[in-house]
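Right after this note come the structures.
Two complexes are shown next, each including chain A; its partner changes from chain B in the first to chain C in the second.
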Partner chain A sequence: MSYGTGTRNRRPNYAQLHARPLPLITTPLPAFIPHNPLSLIRILHALLLPYIAPPPSHPAPRYQAYFSPATRSVHVTDPAAVRALWESGFFGKGSLSRSEPTWLEGEKRRRGLGAEVTSEEVTAKRRRERVEFKRERARLEREAVEEQLRKEKIAANGGAVDELVEKVAALEVTEVNGSAQAGESPETVEDPVEVVVEASDLKAEAAADPETAPAPSVQDVDIHLVNQEHLQLSLEEAFFLTYALGVLDVQLPSSSSPTLPTNASYLHLFRTHSRFPPSATLTPTDPFLLRYAVYHHFRALGWVVRDGVKFASDFLLYERGPVFKHAAFAVMVLPSFTHEYWFEDPLGVKERRRVEGERGGRDWVWLHCVNRVQTAVVKTLVIAYVDVPPPGEEVDDVGDVLGRYKVREFCLSRWSPNRNRG
Partner chain B sequence: MPPPSSEAGDDDGSPPPSPALSPRGTSSTPSLPAPSADVDLTDEVQDFRFLTSLIDSETAQKLPSRGTKDFEPHGTRAQDAALAASRAAMHAALSLARVHPRGGQRAEWDGKDGAWVDKPGGFWVRSVGRVVRVPIADSDSDSDSEDQPSDTMPTKPKSPRKPKTEARTHLHPEEALWLLERGSLDIHWPPAPGEAPFTGLPMSLQGGYAAFLGEVLSLEVFTVYQYLKRAGYTVLRAGENEGSVPVYKAAAGNPLSVLFARLWTALFAPQPAHDPTTNTSIGPAPTDPTAPRVTYHVYKPLPGFKKTSPGPPDFYVSVINARESCFPSERQLDGLLAQTPYHPPTGVTNLYLRLKKGYRDVVLAVVDQGVAWSMAIWTS
Partner chain C sequence: MADITVAEPFPIFAVANKYILYDINTVTYIRRVHHICGVLIGNIPQAAQQNVFSGIPLELIPEEARLLVERGSAYIVDDVASHRRGLTDLSAAERIAFVSVLEKQGLEAALAQKRKADKKREKHFEKAGGKARKRGPDREDTELESASASYAVSRAASVVPNDSDVQPLCITPTTSYPPLSAPKPTTALLPPASPSYDLFAHLHSKDYFLSPGLRFGCQYLAYPGDPLRFHSHFLANGVAWDQEISLLNIVAGGRLGTGVKKGYLVGGKDDSRDEVRVFCFEWAAM
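Up next is the complex of A and B:
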């Protein structure tokens, strides 16, 4: 018996769907083919075109989003922007879905409108099959025990016992001596009544199963479904899209000016809201700055970075995106203090103590907890230390602020002496 | 601790490589092919009936096996019998008298931190202990025991112009204590003055722990040492094995690719990050004096190991007391990793492999009140 016995749903062509790693448009140079002189003309055309009519690299109107102070996140409601941000770069999370915003699809399917199968449904189906598998396994084990009990009862009553006793004894001996030949197969004796009961159980379950249940007729369905889901961007994602890529405008909910004027004001807004309650006193140890430095670092290296709160970490690193492969790494962000300000200036020492805690760092129990979770979900733990600079004067250039933070990553994994000997 | 058997002298604490064939679990239930995601080897229990086979000398070369576990008693006699057999085997193994083999090796506590071995020999000499040249005692003072010179209080040679020395095997405290625990060595207290060496009272286990643990050897370090030794590894002190650590020699890179790499980083400067390629040397921690130290160099149990020329170590282990330290800071980790050799991943362009293969790596053995837990940590 194996998992996934049902017919596999055909997947969309993810490689084509997610061909662009970021929501930017790039125009690569055409290939040069030596025996085809026309290819030179194509290359020349591609090289000269930007001077005459530059092709767009950014979406023509920037994507619009609004900042939600209550949830400390940035919401995107325009469906085109939601699709674009998800498909190229895997930004954000559907507010009513697991990750990809699929609430509308699922809702249509639920009402019998025949939309695509969502990933949540695939997961639910797999879980049902797993439960079924475990139930079947438990039934076989139970039957084997009953069979053994029956044999022993016969043996105790002294019926046609001798051979049974011998058989059981032989079973014992082979087990103790270590030859793996187990006794007879317990599936030889099958209780017909039991089988019938099981089958009827399965039938009743199938009827109760929502997927195989007959769909409601189309007349009952309200055709005009309103999409009640929005894409929810974390503050780091929103800042990366505005500052680093320049494809997003964030509006404040109650403000006269629709969007913020500069990147520095975005940075100020997000730093203010990275603590709870929001405070206007900014320090170099703001959680937003530490997290954004790491986010930007791994994005710049080419990773798809997503929030790791599901696995009790700060970020997850995907190689191309969550639809292609599981995340192989989970990142924990830790501050690192190397500048002398943090050891000599009384204010610096106080702030460092506040961040590091009484013991001057995380204890080993914390590390064991984190690493245990990551081992259980087959991810490697990455500790990303962010070297915090001393406080300086506030500058308007975001690049100057971020350039003073330095990231260094260490990888950790469990090491077992018994598995490294070979 | 393996129970002593007649063949105990042959193995080095490592399990023999013979394939396991052994009792399945206590249940004879049919098992469907379990999905691999549900199988966690650490969740399984050991079947102690394998201990009976260790006592029988004919079947001593067997590995313990793991099987499906029974979660509750289901009233069959087969299960009860299996449980009883397992218990009996456990009791039999525990009730076996542990005696040191007659005519075993002898050693004598050196009064400080180690022991001198009488006549070195046996399986463990290949990887444990070191030969030291000591001045020989005067021949007229102990003419009766020329081959067993006393060393606890070596008498000064009377004629300095003719310093006679001899080679003797000395054990570190962890080595002596491990061999004592294992039953491979009889350690004696120093004899009363005037008596022949190796005739003092035999040292008990308790006495061994009291004598050998102290400033030089902490209980945490010894816990890790004996754990690694029992797993079969060869363990050498890092401080005495620095000559074996390989030194990195940079291969001459393609000048064009070097130029391109520089141009690339200049054009597309990402978030400032640590460059692991800047420091390729090995040395004690220069950045932070509080950085943990590499305690042991560990070698895989491979044939052909020579104590005198061990070659580059396989693992670098740092022993850490969990109750007295926190997870190290960036500077401390940097200082710790600086004590291990630099080995850049060559020819790796893949994003995943670049993070998965580090430039330096070390194994941290964290001991929390006697419970050891180890993990690898590497820079990338």
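Up next is the complex of A and C:
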């Protein structure tokens, strides 16, 4: 394996690339400078401009996406929209990548077209090195043990060993003499074989390792690679972009009217598909509503919220974005039934029991398990309790529906007496 | 330890839905013969942090108790009820015998106490006498010495316990059996079978030692041998055959298990085929 070829791969300027925290355009007021009266004019201009020619706050054509019922996600295929949604706000994930849609770059690199190193490759390299390191360490440990055993054996045998060594030496001498008598020295027999073996090993290694393999010439490669990757938005992300920001149009895969008329109909669609199999009977405990309430809550507080299934949680909270820092918090969404309806109405009690039994119940064993997992990856577990309102009449105003939900945050960390002894 | 045997079936005492063993012989016996360890819960109140050194009683989880009962090695005794019944059902002769046993114990304790006090006093006078002797051959002192020595001798003579005037202490019995007669073996009481009992019994039948696994976020920790000799191999969780398993739980279990070099194991009983099947997860990307 080759380390450090000299030209260091410069990381892109993430601060510039991800300057906008959301895919919206803001025009801040110019600064007022007291000793420069002309700055007042600039401020006036900025204040009056929206009345004359309002500057755009949203992308001119809204980003287009289509809903995929099979994967319960929303797909964005337009490369410009994909970049915009990823760079400002870290929405979605590449369908063929770990998070940032980098499949095309990786594919180009694989074919020797010299694109930038993707984060997946960095991870793969680190893992290879770690495996190598562990193997080496195990080898050294094994050798140390063998050495120790040998020493102990010698110590146990005492003086008898010296005789043994002498005998072995004498035996070797006679053997060498024997082969020499046959006409050939052992060195001349073994050497060519070894050289051949080494050469073939080198070839095999070169073929196996893509980094050292000779890159195919550009003529061999079809340069017109088709990008087979799309950006996958979760239902919460899609609804946030549609309803809260208004920058996304979600199209239905096969219907006479490609887009839905109102936000309420989007909400209905996503609530229907948040269960499996999709059911049209909606309840206040729909997983989509619970998750969206938490998603919106943390997005509104300025966090970058991403799905946390890889860390066994519902959401991960990043401070500015995944490229800047590791996630500090992992959020678990738990429904909380504080309204009396859930304890007095027989239907409410039944529904509450069903929801509480979902996911195999939330018992102490589960909490310990999740908490330990988060401790192992140095994250703090946040339990987001969502107060579920009793079912009311269906209204068209999405804000009215969501306004009935309340989110309470609850931080947990594993307490071990050994580490917390004062 | 190896030759300790306990007559089977032995009683397991149920107190407030806990299954408890008080006899140290039974504790070592079931660990050796039945591969059941339980959890020692007897703490020293002043040093509650020393949970490494907990002693008897031993608490069994319901699965362990049920397994022992199903094997016919043990039976469950409702401790409170049987104690009460044992006291009320005593005949007059038994009652007198019981009281006399208590009195005898109280008398023994009082005597022991008295002897101890006497010994202490005697020691004290010996010491005082020795000091007086050291002060030199003064005549008055020698007189004093002889006086004190004679006093010590006279005290020593009176130390011989005069048992008749000792008041017996009031004893609160610490064990019920004896003096009460042990309850009869019954099969009426059986600890309730939790949904994961099938998995527990299955793993136990494969010679695994199982212990409660709350600190690892699972139901049972499965050890290949005695937990004092081996690390556990599996974090076991029992599920019903058709129960839906959340993906998040598998991710969490897989990550946790692989992180501590154990396998995350999920198992359940297929009622139609009457067999327990187990599956093991490993988190590959770590």
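The rule is simple: the second predicted complex is superposed on the first by the 357 of 422 C-alpha atoms of A that agree within 3 Å, B and C clash if a C-alpha of one lies under 4 Å from a C-alpha of the other, contacts with A are read in each partner's own complex, and residues count from 1 in each chain.
The definition used in the following text is that a residue touches a chain if its C-beta (ideal position, glycine included) is under 8 Å from a C-beta of that chain, and two chains touch if they have at least 3 such contacts.
On a predicted model such as this, the values are computed, not experimentally measured, just so you know.
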item: First (chain B), second (chain C), both or neither touched by A:296; value: first
item: Chain B versus chain C as contact partner of A:287, first or second or both or neither; value: neither
item: Chain B or chain C, by number of chain A residues touched; value: B
item: Partner chain(s) touched by A:408 [first = chain B, second = chain C, both, neither]; value: first
item: Which of chain B and chain C A:372 touches, first, second, both or neither; value: second
item: Which superposed partner A:364 touches (first chain B, second chain C, both, neither); value: both
item: First (chain B), second (chain C), both or neither touched by A:312; value: second
item: Overlapping contact positions on chain A, where the chain C interface meets the chain B interface; value: 359-360, 364-368, 371, 417
item: Residue numbers on chain A that touch chain C, as the complex places them; value: 309-314, 358-360, 364-373, 376-377, 417
item: Chain A - residues contacting chain B, complex; value: 1-3, 130, 133, 136-137, 140-141, 144-145, 148-149, 152, 168, 171-172, 175-180, 182-183, 185-187, 293, 296-297, 300-303, 317, 319, 328-329, 334, 336-338, 359-368, 371, 380, 382, 385, 387, 402-418, 420-422
item: Residues of chain B touching chain A in the complex; value: 14, 21-24, 26-35, 49, 52-53, 62, 65, 74-78, 81-82, 85, 227-228, 231-233, 268, 270-274, 300-301, 315, 320, 322, 325-331, 333, 351-352, 355-356, 358, 363, 366, 368, 373-380
item: Contacting residues of chain C [partner chain A, same complex]; value: 49, 213-219, 237, 239, 243-249, 251-253, 255-256, 259
